[in-house]
Structures are given as C-alpha cells and as structure tokens.
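Listed after this line are the structures, all set down as structure tokens.
Across the two complexes that follow, subunit A remains constant while its partner is subunit B and subsequently subunit C.
Right after this comes the complex of A and B.
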C-alpha cells in the first residue's frame, strides 16, 4: 500500500511538468490553431538560461524570473516566424516550428553544449502521507496548479484573455470589433514562451535537461494536451495527472522501458476515439 | 481539362520520358566515379522513401513525421530474418516492402482517421513505439542491434562490395517512381487527386476516403520498407538508433523541398538536402572548428532549409520550376491558360 502511494505521489509530481509544457501548447493552439513543436525547446532554454544566471550572476528568484522573461521573448520570435506571414496554413506553421526547434537546438549546442545541466533548486524533501518527496517536485506541482488557476482566470475574466479567445473562435469577427488576430497570436506565443520557460526552470533541478530532452518534453506535453482536445487547460492538467501516475505505475509494476510507449499508446487511443468529434469540429 | 492540354501532352510526355532516362543514365554513371558510395546509396535510398512520403503528403494532404518507422520495418525484416532465422537474403528483401506495406496498412487503418497535427504526432508516436520495441525485444536486436547481416545473393551471385547496392538502390528508385507514376495516372489516382482537392467533395463523388488514404500510406510504407531492406544489407547492421526521429523529420523536409505530390519531388528533395548537409559536414570538419560544429551545423542546416523553404517557396522546387517552364512554353505556343485550369494544376501542390 505504501509503495503504491509512493508511485502515485511521484506520478503527481511528474504530472506538474507535463502540465506546464502542455499548457503552453494549449494557449498557442487555442488562439492560432498552430501546434508549437518548439515548445520543448522553450523549456530547454529556460533550464539553460537559469543555469547560466544562477552560476554566480543573479540570486535565486531573480535568475528564474529573468529566464522566464527571456523565454517569453524567444516565444514571440518563434511566433513571428511561424505565423507572421499572412495566410500561412496551421499545418505549414507546425512544420515551421519543427524547423525552428532544430535551429534552437543548434543555438543551445553552440552556447551550452550537449551535456545535460541541472541548476540548483530547493533542496530537501517533505513527508506527505509517509512518502518522501523532494521539495522541488512538490514545488513543480504547486506552481503548475497555480499557473492553471491563473490561466483559466485570465482567459475567462480579463479583456485580453477574452480577446485571445475571440481571435481564436472567429478571426474575422474579432477583427471587426478591433481585435488584431496576429497580435493576439503573438501574445499567445509570448505566454507559451513564459510557460515553457517556467517548466524548464522548475524541472531542471530534479531532472537534468539537455538538448535531447526536447522531443520527450514536447511529446509528454502534447500527450497531456490531447486529453483537453488541445483547448481546455484543466483537461490538460487532468491528462498530465493520468499520464504521470500511469507512467509511474507501469515503471514500477511492469517494465521501466515501457513507460514511454504506454503513454504514447494512451495518447494514440484517445486521439482516435476523439477523431469522430474532431472531424466535425475541423471540417469547415 | 480542356482539349488544348490533351493536345500538348503527348510531346511533353515524350520529352519527360527522355529527361527521365537521361537523369537515370547520369545517376548510373556517378557510382563508377566515386570511391566511397555510402553517401550515394544513402541519398538514393532516401529518395525512395521520400517518393512514397511525397505521394502520401501530397495526395492525402497529411504529414507523417514517423516515416522512419516503415524504414525500420524493412530493415528489421532483412536483419532479423537473415541473422536470427537464417532465411535466404533474397527472400527477406522481397518481404521487406511487403511487410512495410502490411504494417503501414495495419497502423494506417485506425491512425488515418486522424488529421493534421494529430496525425503528425500520431505517426511520430508510432516511430518511437517501434524504437522502444526494437530496444527491448531480443529477436529484434534488444538494444544491442543485429550485426553480421549476410550480403545479398541471388543464386550463386553474391552482391559483394558497394557497387551492386548502388545499382540495386537505383533500381528501387526507378521502380518506386514507376509505381508512383502509374498509381497517380490510374482510376484510383483520379480518386486520390480529388482527395487532395477536397475530402468532402471526393467523398460525395464516391471516393472511399479512408480506404484511399490507407492504400497510399501502404504504398509509401512499401517504398520505405524496400529502402530499409536495401539499407540493412548495405550497412550491414541495424539497431534502434539506425532510425532516429531526426532522420524521419529529414524525409519530411526533403519532401517539402522537392515539392509534394510530384513524381520528381522526392529525388530532387533528397539530392538537394543531402548535398547541402554534405557541404555543411565538410565545412564542420575544417581545421580550427570545435567538435560541436558538426551537430550545430547539422541541426541548423535542417532547420534553416525547412523554415526558408516553407516561407519563401512553400510548394517546393519541382512545382515552382515546372510552373515557370510551363508559363514559358505556353507563352510561346498557346494563349494564356484560363484561371480555372490553373486551379487544377495547383491541386498537386497541396
């Protein structure tokens, strides 16, 4: 029983990072219908920048904040290339972000090299229901939870959040009431950049991040976002929790190497089950 | 299509045949001039894979980020069946495209209900699942890989050295292009061309949408399987790292660069991108550069080509050049094409 609880709690801690990556993809997809393949690289940038800044330049807190802001700027740069050219279809934008992700990998190797880095985080651990959990992991989960609460408030309550949703729902009507869809798209990319950077900053202290973390991060984020049909933040969170916990249980009771395939299979099944609904949604 | 286009076609067709034969003669001479054929064989095999992928992306209007999965199936067919079961090499080479097509059809049946981003990620997921299976199942290499694949032999003739494989790869490319050409210009081909224009319009005209997509996916899977099989004989070693996602993305880039849904797009894309990467890796090995220059230039080389082409030449080289030639030819011979016919030509690009 105690063992089961351990796996569930460590799965929940893992879910926080999936959710943060997924949330960035959801924000961009909601507003622009573009899937940002470079989202994983944003997290890698967050980890790398905070690692460099914490190496003596800035104190804790400030370093992480600067890293997140840098990632928001990088996010806007990605957005400008991916959706800046008018009339770019979403599928082409996906491939552009794939290309940007590769260029970003080149940049990261050029500046930081190929070795994984792990900036210092909060040390120590906390007992939860008799399970030992690293404080940093608890922090990831809590920050993810708060971020999702803020995100849903932002979309539902603020003017700019509503404008973002409007630009996504009907670009032409949004333009009629004075909302600029491209500007909204870039705001979405900035938010996604910040969320990706936040994910990287928080994950790296417990799980070292390198250039090759890109693909696993994107896939876990996408898999979580699939649960919410790439639109709903809270369903993404739920998806992340399911993926995290199931992954830990598979690793514990089955074969550790089947953790990723099981997550991918779950993702495939959910996508195919939802395909009927999505077909009506996208057949315009 | 109006009569004028039909009238132009016979002469154009003959010109294209001659051009195709000239290109293949040039390609057949190149291996005789080179010392090391690794680059040549890899490029031709990539062209075989991309010919299929271009067909799928162009006509089904979807992106497959996991085409390496079917290359892996072909490679595994050859490696596992010759080394572990001792089957004759020729038989496994015949089985490689068949199993590639079968796996593609089997996976495609549920998977091709997905579209757009979902399918792109779905195919990538399939590749990663196959990689994990290769890394864990002992029969398929079990993380170590499969060494000592015997050379291909037909009766008493043994394919030793690199040269026979260069010609085998070229034959595979010619075969793949012939299949692609005949497929597109058949009754089935008209169906999938309608599919590329509008899925719902094609469906309402009686084109079985899902089944057509699965067939095209299976054909692309067969090409990939064949390339993987020849590649396994050539290397002669296969492991899960032989088919990384990065190579798979490379196929998509080659298809986009060459031009989707065109017969020559796969060849042009594979040759252009391979030469470009070869140039970059030569640059990276210049004295005085750090060891990380190689991966940096490789990643940046792939990424920059993809982004630049998507933004500046989204239809790829072959359709853009083809249009320019057509415009030049029609300006000399015929009055300008009415707008509705240009629309039809544009369908190929999607």
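Right after this comes the complex of A and C.
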C-alpha cells in the first residue's frame, strides 16, 4: 500500500511538469493555432539554466526565477521565428517549431553537453498517510496547481488575458478594436516559454534532465494537451495527472521504458475518439 | 467635415473594387451607402478602416472612427461586458455604463456569453462595442444582414437616438434600402465600384439609378419581407 501511494505521488509530480508543458502548448494553440513542438526543449533549457545558475552564481529562488524568465524570452524568440511573418500557415509554423527544437538540442549539447543534470532542489521529506514523500516532488505538483489557478485567473480576470482570448476567437474583430493578433501570439509564446521553463526547473531535481528528455517531455505534454482538446487548461491538467500516475504505475509494476509508448497510445486513442465525435458534429 | 473620401480606387489584383469613389459625411450627419451585393460597399469600409490600402485617392477623417463590422464578429467565448470593454482596448475609460444607458438590454445581458445571444442581440453588442471607443463617426456595415426586419428597425432607432443625443455621425452601409432611408437624410448609391447617384433620401427613393442598381432584385418599399 505504501509503495502504491509512493508511486502515485511520484506520478503526480511528473503530472505537474506534463501539465505545465501541455498548458504551454494549449495557450499557444488557442491564440495562434500553432502546435509548438519546441515546448519540450523549453523545459530542458529551464533545467539547464537553473543548474548553471545554482552552481554558485545565484541562490535558490532567484536562480529558478531567472531561468523561467530566460525561457519566456526564448519562447518569444521562437514565436518571432514561427509566426513573425504575417500569413504564415499554422502547419508551416509547426514545422518551424520542430526545426527550432532540433537546433535548440544542438545548442544545449554545445553548452551543457549530453550528460543529464540534476540541480539541487529542496531536500527532506514530508509524511502523509504514513508515506514518506520527497518535498521536491510535492512541490512540483503544488506549484503546477497554483500556476494553473493563476493562469485561469489571468485569462478570466485581466484585460490582457481577455484580449488573448479575443484574438484567438476572432482575429479580424480583434484587429478592428486595436488588438494586434501577432502581438498577442508573442505574448502566448512568452507564457508558454515561462510554463515550459518552470516545468524544467521543478522537475530537474527529482528526475535528471538531459537533452534527450525533450522527446518524452514534449510527447507527454502534447498528450495531456490533446486530452484537453488543445483548448482547456484544466482538462490538460487532468490528462497530465492520468498520464503521470499511469506512467509511474506501469514503470513500477511493469517496465519503465513503456512510459513514452503509453503517452503515445493515450494520445492516439483520444485523437481517434475526438475525430469520430467531430465527424458526427459536422454531419449534424 | 467628419469623413471625406476623394476619388478612391481599390483593386484586388486585376479586379477593380472601387473606381473613383468620392463621398463625404458632415459632423453629426446620418448618411447611407446603398447598393447591391458586390457593389464594393465592404471594400469602402475596409479602406476607411485602413484594412485595405487604396491604389489611389484620399481618405480624410475629422475625428475618431469606429466600425460595426459585417457579420457582427463577436468574441464568442467572452461575455457581453468583456466584448464591450475590449471595444475600448485602445482607449480609456473602459466603463460600459454610457453604452448601457443607450442600449439598456445589454446591461441585462452583460454576463451572458456572446455566442449564446440571438442575431439581433449580437448586433446590439457589436454596436455597443464600437461605441466604447467613443467615436465621432460610426461606420456600420450591413446592420440588417440576417436579422428580422423588426429587430433591424429597432437597432436603427438606437442609432437615431445616438445621433440625436451625442451628435455621433453615422455612415450606414446597407443592402436593405428601406431601412437605410428610414434613418438617413442623405444617401449614395454604389454600383459596380462607382457612385451612381447621390442626394437626399427623399429624392433618391424614386431615382431611376437606384432602380437600375438593384435591377428589381430588392424590395424598395421599405416594408421588408
């Protein structure tokens, strides 16, 4: 029982990072209709930058904050390249983000090498229901939860959040009232960058991150985002929780190498179900 | 002068949408631009809004312009009040109270999602959203499109009240001549990218140019369907 709870909590910690990566994809997709496949690399950058900064330069808290801000800036740079030219079709932008992801891998290898890094996190553990839980794992999940609540408030309550929704819902009308869809797209990429960076910063102390973490992270984030129909942040969160927990249970009781195939399988099933539903709705 | 359009030419590739169009709207004036489908009405609106760049000609605006676009163009996922507040995105204040005073129905609907409203209600939101910019000239593109004649008529009454109480000039671009002439004292008839007739609506009603432009395709009596 104790072991099961431990696996579930580990799964929730993973879920936190998948949710952050997935929601970054959702924010960008909602505003620009572009799937940003460089999102996994943003998490890798977050982990690497915080690792370097924590290596004597900056204290905890500040190092992580600077890493997240750097990732937001990198996010904007990706946005400028992917959607900066007016009229670029979303499919081309998607291919551009794939290309940027590959270039980013080369940059990470050039700066940090291929070895996994694991910056120090919060040490110690907390006992819940008789189970010893690593504080850092709990932190990943809680920070992700708080981030999602703040993100929801941002979209529901702030003018810029509403302008982002407006630009996504009706770019033409947005332009008429003076909201610039491209500017809103770049804001979305900045948010996605910060979310990806936050995921990397949080997960790196629990799971060593290397350049090859990109693919499993982006696939899991994408699977969670697909679960949310690429629209709903909270459904993305739920998708991430299912994916994280099921992945950990499979790794514990089966084989750890099945984690990524499970994400892919989940994505495939949801896509087939959704495609069927969309076809039915269109037929109506 | 609130709006002055001089010898405007708009082309899309080889196709000429507007061919030397000139018109003007005075301060606090109500002017209609009527014409059948494909006459170039929306091209003119887009040129005034700066969305389309004319090949030649001049557009001068004497104040703040806001547009009520064709098809209403709601931010469907957002509430009525959010739609209104975004209308003042470039400006302040963002308080929608003055709009609620003119269009009291919107106060009642303010928390409702825009995509759950009827066509008439959405058109009212579109008008309200444009008014949030506190314009001196309101350019209304196809107010009646897809609306029941009675609903369109009520919206026209709101525009008349707006003009009377706040002195806002209106350029109403309409296919439905009866409705346009109900509101406006002066009108232009656009056909195939050219102004075919202009003058007081009372005189234009029976003008042969108007009958020609529409080719009998539309109801000219003003009573709707």
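Miscellaneous remarks
We adopt the following convention: the second predicted complex is superposed on the first by the 268 of 284 C-alpha atoms of A that agree within 3 Å, B and C clash if a C-alpha of one lies under 4 Å from a C-alpha of the other, contacts with A are read in each partner's own complex, and residues count from 1 in each chain.
FYI, a residue touches a chain if its C-beta (ideal position, glycine included) is under 8 Å from a C-beta of that chain, and two chains touch if they have at least 3 such contacts.
These numbers come from a predicted model, not from an experiment.
Look at A:255: by the touch rule set out above, it reaches subunit B but stays clear of subunit C.
Contacts of A:172 after superposition: subunit C is touched, whereas subunit B is not reached. Measured by the number of subunit A residues touched, the leading partner among subunit B and subunit C is B. Looking at the shared chain after the overlay, A:152 reaches neither subunit B nor subunit C. Using the contact criterion defined above for the overlaid structures, shared-chain residue A:85 touches subunit B, although it does not reach subunit C. Residue contacts after overlaying the shared chain place A:267 against subunit B, while subunit C stays out of touching range. In the superposition on chain A, contact of A:110 is made with subunit B only, not with subunit C.
On the side of subunit C, the complex with subunit A involves touching residues 49, 51, 67, 69, 73-78, 82, 85-90, 94, 129, 133.
Taken together, the subunit A residues at the contact with subunit B in this complex read 35, 81, 85, 88, 90-92, 94-96, 98-106, 109-110, 113-114, 215, 219, 222, 226, 230, 255, 257-258, 260-261, 264-265, 267-268, 271-272, 275-276, 278-279, 282-283. Every residue of subunit A that touches subunit C in the complex is listed here, in rising order: 159, 162-163, 165-166, 169-170, 172-179. By the touch criterion stated above, subunit B contacts subunit A in their complex at residues 63, 65, 110-111, 113-118, 120-122, 124-126, 128-129, 132-133, 135-136, 199-200, 245, 249, 252-253, 256, 292, 295-300, 302-307, 310-311, 314.
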